[in-house]
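What follows is chain A paired twice: with chain B in the first complex and chain C in the second.
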Partner chain A sequence: MGSHKITSRTPGVFYHRPSPDADPYVTTGASVAEGDTVGLVEVMKTFHEVKADAAGTVSAFLVENEDEVTIGQDLVELET
Partner chain B sequence: MSLQSVLVANRGEIALRVVRACRELGIRAVAVYSDADAEAAHVRMADDAAHLGKSAASKSYLNADAVLEAARSAGVDAVHPGYGFLSERPAFAAAVEEAGLVFVGPPSSVISTMGDKAAARTVARRAEVPVVPGSDEVASVDDAVAAAEEVGYPVLVKASAGGGGRGIRPAATADELRDVVVEAQREAASAFGSDAVYVERALQGPKHVEVQVLADTHGNVVHCFERECSLQRRRQKILEEAPAPGLSPAIRESLCDAAVRLSREVGYVGAGTVEFLVEGDEFFFIEMNTRIQVEHPITEWVTGLDLVAEQLRIAGGAELSVGQDDIVCRGASIEFRVNAEDPDQDFLPSPGEVTGLELPGGPGVRVDTALMAGDVVPPFYDSLVAKLSVWAPTRAEALARGRRALAEYRVDGLPTTIGLHRRLLDERAVVDGTYDITTLETWLAQR
Partner chain C sequence: MTIRVQDPGLETTVQDTGRLGYYSIGFPPSGALDSFAYHVGNALVGNEPGAAALEAVYLGPTLEFTQDTVIAVTGADIPAFVDGEEIPLWESVAVSAGSVLSFGQLRAGARPYVAVAGGIDVPLYYGSRSTYTLVGIGGFQGRALRAGDELAIGSDARDPKAGRRLNPSDVPVHPSTAEVHLLVGLHSYRLTEDSLARFTDTEWKVTPDANRVGYRFRGAELEFVPREQPFGAGSDPANVTDCGYPVGSVQVPGGVEPIVLLQDAVTGGGYATLGTVVSVDRDRLAQTKTGDKTRFVPVDLDGALEVRRDRHAALDRIRSALS
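Right after this comes the complex of A and B.
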């Protein structure tokens, strides 16, 4: 078992859910395949989906919902 | 009673624009700012400033409670919302009114009416202003087909609760329409929580022409002529000009009259913009923006008015400083929006540090920006970082002046739309002024 961190490709604001009233894309303990959406980053009023770049189980969210992120920042940790 | 102090509830170039107008009128200007904007120019140039919260817009400039609290503790007598953010939220304007402060704009009830598509169309019909031929909400596929026969094909099926271009589907024939209505109802239900749709005539290549109006609290309403804003990508304007090239004097007069009638009908107060689509010799009201507009400088260039100063005077209870006959449209003006976006990468937002900056200058050139060399463009807000506008006695000279000013303009450290504007000014349709709302996207797709 290894661990992998999904990072942000842009600076902005990180969201766990597609819209404020929706369910989160994934929760801790969920298994994801490569290419699955795990969150959303808003940059200058445009929204960019954050895709898992590896398969694994979500072990932790490293950024709270609606928190600011920088480019390259670790967002989600996977157990691979 | 003229205003003594104003909370400028915005950021960036428009906040600075309002701060400047306040200073010229002897009004104390209080800025607001988020964490990311603590060192920003609109804060530095204001008389005072209040911190709103974290950088995300929802935690700062969109946080109505924080803005109201800033207004109360700063002891201002008015709030200027700028554009975007809280400027067209009726609940915010109402809260400002309830706090006993002046909202620099129309009454909250007017924002509410004009922000509702159906209500705005009703106001337009009452004022005898043409709207795009369309139906009421259709209950069934057969109703939709009957409605389409009446308005004429091709049609668009639109979600009543939709907006920003979402929930719109085209149909050229009754057969297509039958499929499209079902899809549109399903999509509308899941996206907007209501499956209500209506049918509207699809225009083929209209121009977007809008009319600036000013109205005071004494019943005076004037227009300040029109702006041509058809060069748009995903419904975002990129270049605007005044006057609208190729518009016949008869249509210009009808448009301006219609804008004044509509503003009177709804009881408008302040600066506002009535937007129309123009196709052939027909024009149709689409919506009213109940605030100052991004592209207001080109109207200021051709009329010599200071629209933001007029807003502040109107909010202080004064009569308009000019009558309709005093307002003359002279020469030609063009505005170029400088966005922190990369036109070569599908307009990917490009926040970051501006390492070097050279602004254009000289005769007939104006730059509205809050961006200084060494500043960081934050990722949290709109990508507009500057507006270059030029004026000249004729349109041909304004185009030449635009090319000259764009050549002088240099931003280092991040991609912007400056290069795109340089290329656009070589395009035949732009030079001729024959472009319509489809031109820019078609051109970008072919490039």
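Right after this comes the complex of A and C.
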């Protein structure tokens, strides 16, 4: 068991869900495959999907919904 | 001879020096936001000034070349790779048919440029190949690139050659606090003296609303001098009777979150313009990203002209050194 952090590739605003009324992409405890979408970062009025770059179980969100994030910032922690 | 877009990045567009002469009918110039990086890229690959190049932001595109050619990546500090091998920035590089250019995670700056020998061959629209995405004109089908697009490359490169390199002392650095010169004016009288001083004393943070139209900042609140609402002006204290907005001009709707207009500017409106960023310093703004800081350093008209002259002289010197 190791841990892996998914980082942001763009600056912007982080969202847990695809739209305000939708369910979150993933919640703590969920298992994700590599390439699964785990959140969105909005910048310049465009939405960029954050993809898991490893498979594992979501152990923590390291940013809140609607937090401003920077490039390289840790977003989601996985148990791998 | 084409470039195949495997992955477009976040928003990659075809840009050149811009569509000049139509501002009065509501057409902003568009064109490369960082004109220095754009011009140096063309000089490196041996293009005539004005050849169209690609401008990306935050995330570089992944591009496949279908024929041998020469490219240069300039602008932001970002790892760039040809077939997985990192290539130097600010230097012309030979690529072979089938080669793939890709990018890693941005280190500093915001916008990488890709210049290609011969330039990107899209139709001229009102004298320019620049993309203006808001109304869908120019560039490649009036829009940002998408996966699967095939871009034609022009054949009129003057002197393509690998291994041309910008002198390292001429490579711009991208500090996380950018300083840009501001010519105060047009409606600066609308701000209280304190607020005008606060504007130039504040380190403004770039918000997520920062694109080719303009950059929005946060950092302080500004107050306007009380006045009687003039005929034709809106009721917000930041309103004036409508006027043209210079490219680079600064408006402060509601006294919060100043906006600096860039190459895809809104051409006019009813907000007080408290100053204008010197044209060549817009390059520096274009290389700041959401979360970075910017300071506005006041300059008078002579000072602004000098900043511009110095930049043009530097570009002339660089062009002749690379030719």
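Assume the second predicted complex is superposed on the first by the 80 of 80 C-alpha atoms of A that agree within 3 Å, B and C clash if a C-alpha of one lies under 4 Å from a C-alpha of the other, contacts with A are read in each partner's own complex, and residues count from 1 in each chain.
Note that in this section contacts are C-beta pairs under 8 Å (C-beta built on N, C-alpha and C of every residue); 3 or more make two chains touch, one makes a residue touch a chain.
Please read all numbers here as calculations on a predicted model, not as lab measurements.
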Clash-or-fit label for the pair chain B, chain C on chain A: clash
Of chain C and chain B, partner touching more chain A residues: C
Which of chain B and chain C A:Ser19 touches, first, second, both or neither: neither
Which of chain B and chain C A:Glu66 touches, first, second, both or neither: first
Chain B versus chain C as contact partner of A:Met44, first or second or both or neither: both
Partner chain(s) touched by A:Arg9 [first = chain B, second = chain C, both, neither]: second
Steric overlap of chain B with chain C in the superposed model, located at which of 37-45, 91-99 or 253-261: 37-45
Residues of chain A at both interfaces, chain B in one complex, chain C in the other: 10-13, 43-46, 68
Residues of chain B that touch chain A when the two form their complex: 54-56, 58-59, 340-341, 349, 351, 379-383
Partner chain B, residues of chain A touching it in the complex: 10-13, 43-46, 66, 68
Contacting residues of chain A [partner chain C, same complex]: 9-13, 42-46, 48, 68, 70-72
Residues on chain C engaged by chain A in the complex (per definition of touch): 10-11, 57-59, 105-106, 208-211, 289-291
